[in-house]
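Chain naming follows the written order as A, B, C, D and E, and within any one chain the residues start at number 1.
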């Protein structure tokens, strides 16, 4: 999160609409993938320049242009010109610290989405995915090359399901759906880790348990911060009266909306679980202090009187009658034993051990 | 909760509307029960296939089709076709991790409800119950075979109450009502357990008390998460202007709505009780630490000076006049006694024991 | 609270509108009191059966029927028939676990209110009071015989104030007003107890102080849970456009509304006070642990070095020059004194005692 | 606060609109001050009875009647009659436990405001100030004689600012403005005290610091409880479409509204500061316990082994070779020194002192 | 913050609209900078008096008047007269304790903004920046001389970007944008400090860590208090239907609005991080107490029994058979060793060290 945020400040002072890619460079060169399809036709090709883009509108084709990697500023300027995108939209596509949102520009709808994934050693990371829904085209821009839309490509190619029969709005729905479904996987991974942590908590809580609890909590907060605006964006899509979205498709957005709420619910449940675990951790630590103090008290309470008795008979007074007694020594040992047993009995009654 | 959630991710990548049962298989085969009734007519039968379904609309009959178990995908496809259900509705019926909701599809109203029950050794569990209200039919789908609708069947059969005189909307109300009433039983069980816990808390709080408090809290959160959308769903029914719901029935939905609020109130009260119990637990633990430390302090404070005095007269200096005194030993013992009594007096004044 | 809640579950399975009294049986038989009055006429009588009810509408009389005790199911069926009440209203009158609410049934307005009182040894208890406002009659149903409406009866009888000149709406307002005023008395009692508790907290906080804080907190939560819906109910009355409520009376409901808000404010203030007291209690307990530990530390720190010195000169080495010195013993005592004084000085500087 | 609240309950049972002064009697007799002014005319006089009130409406005069002290019930009845005030308004003027509010009665607007001041030894106190804005008159009722409106009287008298040129609405604005400005003074005093407390907290936190934190917190809650309804009341004034308020004056109410929000912000900031101070206090107390325990541990850990060694050579076994050695004693002392130094070294490494 | 707040109270008693500068005097004399530009024309000059202001409206020029420093009351009276500003606007410009807000006065829009910066040794400070947007002019008033608008001046001068082609509304947008961008820099600095603190927390938490956490928290609260109204103000601009704002510019305000929300999100994230750090700090302190107590317990538990044994054989009874044994001494030492090892073994098993 930090690197992105820091780079943001470099843009300070530039005019709004200036195109600068803010974010890490995951790939060297943007990869452009173009899919054209209609109910009867399908073509997928990788193109090296947007100039190769051709698209015959009269054939009722849908064009889906997918770009992986946001480094090629020139490319985005060309795309902006070709599809008539507002400069601020281009700016938002390149600045990868946007919140999920939906903006209706009339001729097209602009969507910002977040894709979360687990990065080894760095915890939860997020990519920005921008989707533009036009009359008969869909543009998708990914910060990083990713296989998240793989199954959709396959489904179009193999003509599975309704996707070839429906328009650009249904394709957009499919893209969002695959991103939302990915949250379930992220949450599942998180759940497994939380369960491991829960076991540790019971068996052997350490300071690192605490760190983990806070790390997971922060990841959940990060997820939550992205989910609430996502919910709003999908809700806006659902309630939108844009002619780009067919009435029969609205119910599918409603379906995604329900999924989003289920995800938010799960995130909240996990937060509650972590809060409970924090309480248990703190209470366990405090119980251990109790236990330690109890051992100290028991030992001290038993041995202090004994040591005192031994001290008394270690005094060098000339006239100490007990010292002369035949069974004085054993008597003293006996007294000590009785004192010790009384103490033990007292602690047993107090249930201290 | 976990098993359901995990299976969900298996659906990732499928097209929306794909029918896959997500949830545990409680029964081997779906059981289909069909009740047809009008004010004068009643028939109940178990049918093995939806093809056996026949239903004479012209006789002003109400048909209630109840399905226990969600394994038989084919069956649901048939039902969907017969009653003209939207694919997403079928999908939601089978995915048992829905939140309670009400969706008006014009020709029918789709309801998702949750039925909670106590599972030995696993705590509170929930089943999904889907209800579809059509013009003259009601469909209900249960995740598990359950006797929750038993009394309603009986009432229809024995023609008790208004149920035979009213339409499908009243039957739907009766189904929801019996589910909501079941919450009262769940809460009552929970209350008894919380009271047992409260007794334990006062008598002998242990680490397991803390675990129980958190477990009950989590169950209440789980209940609450289902109750808020349930409230919304019933509110939507009440305010719905669907022709499927007769105006005279609305007041009954309002009644259930009030019950839901009463249940939510009780859940909130229980949460407050558990929070208070947590405070008392923590304070009890801390008081015990205090007590232990006090015993240690009293013992140490009494015996340390005594041991010191004994130590002094255990020194081997050649010239120690007291050692030669006739009553030196008893004098020393006397001084020790005085010191001890002073200490005891001091602690009594401080009210330490 | 518990008994009511538990009895609720017994109703599970009954059809809605089934009349069963849910609540404790405070009185053996329902007591029916009928007051008829107009500006010039007044009559009060106790009637044994609702059949004795007669009421001449053409004389511009107002009839106020007050029933104490909810055991007599038959009576309520008769009343329901006579005044044309909806079965669900009768059900709500008898089930005494309703939240305060206002329901406009067109021909009459149904109000549920709660009356709180202090029960010796059981803390705060609540009774349900139902009020039905009709065109020229008011029905009030009390769970228990109570003197809460005594002053209103007297005022009508002695023709004090505006009450004889106004209609059923003003009478309803007077009934609600006396219930709301009763909250002030309940809060005053609570305030006195909280002040006693506050004194205890400063003088001698014990574990029972904590229990009391939590008990009062729970009572306040219980009050608050009843107050918010009460506020809503009165607000609904105030904003109602029912012809049963005269425009000139609305300002009186607004007045009660203000009182309700003042009561809610006071409840919130009390909650804040109790939270502050909880903080002070916990801090006092922790301070006491500090004090105890300090005494232990001071005693141990003073006597350990002294005992060590005594131990050194208690060793039996053959060649220990100090032992032979003439003033060795007194010198050793002197060293001990110096060490002890240094320690005391150190602790004084640290302000430990 | 208490005395007012308790007196409230004495009113229970009276009819609404019954005039009883609820609050402390600050002055023996109500003091009536009448100011009449127009752009060219000014007169101020103290009148002993409302019968002396005369006011020539045709001269475009504004009359401002200010009453200090609420004991003289008769006076208020006369005022109510003269200006046609609703009985409930009179009741609210006299009951000084109202929340700030604004009520539009058509012919006049009724405002309840709260004036806070610091009372030696009793903390923050509040007075109720009622203001009634009529077409060409303003009535103000103060619970106590106060100089809060002194500068306004002076400004009218000396014809400073716009006040003589504007109507009763501007005068009302000036009255509210001086009350709101007074909050800034109250907050400034509070800020100074909080800063003193903050110093104490760092230098020498005691149990009384905790009591002060809670006292200030309670005062802030008390302020806040009055500020939120005040904000609402001023907002109602601003948005009111009453003909009594000239459109050109609305912007001045908006200005006061902004001040109120600034005050609320400051109160919230102070609350946050106090919460932070509470955290620091608790942490300081806990740190001190740590320090005390550390001293104990260091002393015990150093002297226990030493005392043990001394104890060993104080044993009276016949055959203990070390005792006979020439340098045995000094050797033992040396060993003790080494052990002590090791301990000190260990603690230094652990940074315990 | 304090100085401003305290000076506020000095204004108490003045009529609203009285011009007094409230705030610190950063500069000796107000500095007036006038920029006039159109698509083809550009002029920048410093003027010493507002009388030098000239501005030819017919040439489609935009005039931007920037004033640094708010001491010169006369100047503001002149500006108020020249541009027809409401007295309350002038008052708000000079009182630098305003919250961000947007007020539409018809002929012009008045904006209050806050610029935050880090002051060495005093933490986060804020300046007030007022912006007035008229038909063809923009006025900006800075509390302090600042370079925050430097890049905008440069852009206008060098005719970079759209700024010379657009009107006063676009200039206003650029001003707000540069202020909002500055928040990113402030947050970046804060983030670095929080990261340093986080390192300290892990390595060596001290009481000053706690103070820093609370200081940063307070700074974040201060930022947050300014951000929420800023968000509202920008939202009002965006939704405003003022003719001063061109429809094509609205999308730019929407863009700033998104930035504001991103900033608020970051502030919330930082608050969560600090809360987590506070938890970890407290838990670390408590863990250290645990550790210290454990060392004490281990040492006492090992040496108390040993010292007791030594004490027993230091007793002076005449008949103590062990003392005469040949290997008695070594036997006793052996027993001590065994006891010590048992203790060590016990603690190892308990994982205490």
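In this section, a residue touches a chain if its C-beta (ideal position, glycine included) is under 8 Å from a C-beta of that chain, and two chains touch if they have at least 3 such contacts.
These numbers were taken from a predicted model, which means no experiment stands behind them.
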Ignoring subunit C, partition the remaining chains into groups joined by touching, separated by vertical bars. one piece
At the place where copies subunit B and subunit C touch, is the share of residue numbers found on both sides over half (same) or under half (different)? different
Averaged-CA centre spacing for the pair subunit D and subunit B, given as whole angstrom: 43
What is the distance in Å between the mean C-alpha positions of subunit C and subunit D? 27
Specify, in ascending order, the residues of subunit B that touch 2 or more different other chains. 286, 289, 293, 296, 300, 304, 307, 311, 314-316, 320
Per the touch rule above, subunit E residues touching subunit A in the complex are 151, 155, 160-163, 173-174, 177-178, 181-182, 184-185, 187-188, 191, 251-252, 254-255, 258, 261-262, 265-266, 268-269, 272-273, 276, 279-280, 283-284, 286-287, 289-290, 293-294, 296-297, 300-301, 304-305, 307-308, 311-312, 314-320, 352
Can you tell me which positions in subunit C touch subunit B when the two form their complex? 2, 5-6, 8-9, 11-13, 15-18, 86, 88, 91-92, 97-99, 101, 103, 207, 210-211, 214, 217-218, 221-222, 225, 278, 281-282, 285-286, 288-289, 292-293, 295-296, 299-300, 303-304, 306-307, 310-311, 313-316, 320, 322-329, 332-333, 336
